[in-house]
């Protein structure tokens, strides 16, 4: 990913609906300071995660928490940081399932304007039907068997939809690399405090190519966008996953 | 409840402030596809839960998660699916207590427009004072004794308000059947990931007439509106409640 | 803090963007009733917590849950209740870290209008650099050592930022008394259901001068703004903290 610099970021701010530094300063001068120095001039420049990956994490957190004020700026920044329009499109569809339909709809409303301003048309977006990625049949059989054994009698509809809609359909769509799909999922889980679902998806993310250093930096990054308590609550879960994988 | 069909739903979309299929497609063609096929043409047609109950669950999830973009469409759809204006009104008041005053206020803002467009006036809404439903005194005594024993010394005000405002007042209002009030409560708890409060309220819902099959389908349904992780985190809690009741 | 009365509150309602009692009544007469009688005429008048502290708790809950509809009214009410503009400004900056940057940005958008209407200019707001409060070096060493021991190898960036940005910088800013900073933090944690982070911060709040009676009343108060389930889930955590401190 190309390197991002603060002037790129400032150029992006503000698209319609966003909040300028001037407005932030008029309410809290120190919040402007932290935004410039700690966040854009600090966190986003750390080498442990590329600006492109930081945008993926940020977008996922913002959509998962319905921070609509942040969407226009961060969708535009993501495209500048190398997230393809097709990937942003697919991230929103993915989060309909992992953060709720209404969260995705708010993201649709914001992304529509960003796409229009950049003349991004439907031929640049992932089609409804596309050649699916190869399925890891052994892993999927293990997952499906375990979930069905635990919960098949509790909510048959949910268990069937999980297999058919998510793992045999959504996750096999080629518009988003499995590693990125996992990165989006893990980020949404952390941002919504859903630590119970983290072990499966953090392991899957690392199976899909996310390194431990990158996963650790996701926590560092997401603390700013989801708030420190979400990141701190994810720490013991990440620790446990990291330790078990090292054995 | 009368049967719902997709053309009914499409007729409803979009009221003011909602997002059309065209807009969804302009950002994510596959999200339009999932919305039409998996959600409106799939989930909503499953017989395990009536369209009317699905609307109750959906409204509760949307208000609980403050998905303001979804409110106009789903409030209108709920009325079409047989939720009475008085019930929608009472659901919003109920969720002021179970999802927060600010969530209810956002719902008020959206419902006001829907009511105005349909000429729903105050004489169709539940009055402030109404003949209370009969109280199950034994069950309430047990609940109140247990909570007071555990927490009466921790936060006396909260414990007293819980009894006086909720269980001796709100829950006895006749504008919403206890079974529906429970359905709203359980849906809000799942949608906000508040699994610790689920056992009491899921048991109460089933005592109030919600069948196990319906409860299971609430999980299937709410996964779309609150996101899969909320539904998956509710699964083990539901399993435990179901199993204990079968003994 | 001066006493608040309902007419003060009504005078405040509605600033731009808020919802009047007339609108509430047009959707739910009983919700108007509860708002007037149970909330403004009841809860807010309880002596266990001053109106000023209630405003601090309310603001924190509203920002933490992104209840944007409530922000204009409650920011204005907070100023009327004795929260200084500099304190409101600093609360927003604090919650950028404890509830997420996007939550703070939504609060900035609402506070900007309130500040403008009251001619609150930047010279009334906390400066970027100010003489830091004295550091309790022993307590901070203990905290830092424990976190570094547990998680230093899991996410070094997060652990370092926690020390350098939060405990050696934000928490030492003099624009908000440590007791109030703790009150904001605890309120945000309860409002977001982040009970795992509560023991540390509730103990810190009480070390910083929050009495047990006040902490108990925070739960009573926040139930209305964050919803009962958040308050109920915080009860056992508060009980445990209270009991351990009494030994």
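Going by the order they are written in, the chains are A, B and C; count residues from 1 in each one.
Convention: a residue touches a chain if its C-beta (ideal position, glycine included) is under 8 Å from a C-beta of that chain, and two chains touch if they have at least 3 such contacts.
Here is each chain with its UniProt name: A, B, C = 4-carboxymuconolactone decarboxylase.
The shown structure was predicted, so the numbers you read here are calculated from the model rather than taken from an experiment.
Undergrad: For chain A superposed on chain C via Cα atoms, how large is the rotation, as a multiple of 5°?
TA: Between chain A and chain C the superposing rotation measures out at 120 degrees.
Undergrad: Same residues or different residues: which describes how chain A and chain B meet, taking over half shared numbers as same?
TA: different
Undergrad: How many angstrom between the C-alpha centroids of chain B and chain A?
TA: One centre to the other, that is 28 Å.
Undergrad: Hey, what residues on chain B touch two or more of the other chains?
TA: Counting only residues that touch two or more other chains, chain B contributes 66, 193.
Undergrad: Once bound in the complex, which stretches of chain A touch chain B?
TA: Those in contact with chain B are residues 64, 66, 89-90, 92-93, 95-109, 111-112, 115, 122, 125-128, 150-151, 154-158, 161-162, 165-166, 173, 188-189, 192-194, 196-197.
Undergrad: Enumerate the contact residues on chain B facing chain A in the complex.
TA: Chain B residues touching chain A: 19, 23-35, 38-39, 43, 46, 48, 61-62, 65-70, 191, 193, 216-217, 219-220, 223-233, 235-236, 238-239, 242.
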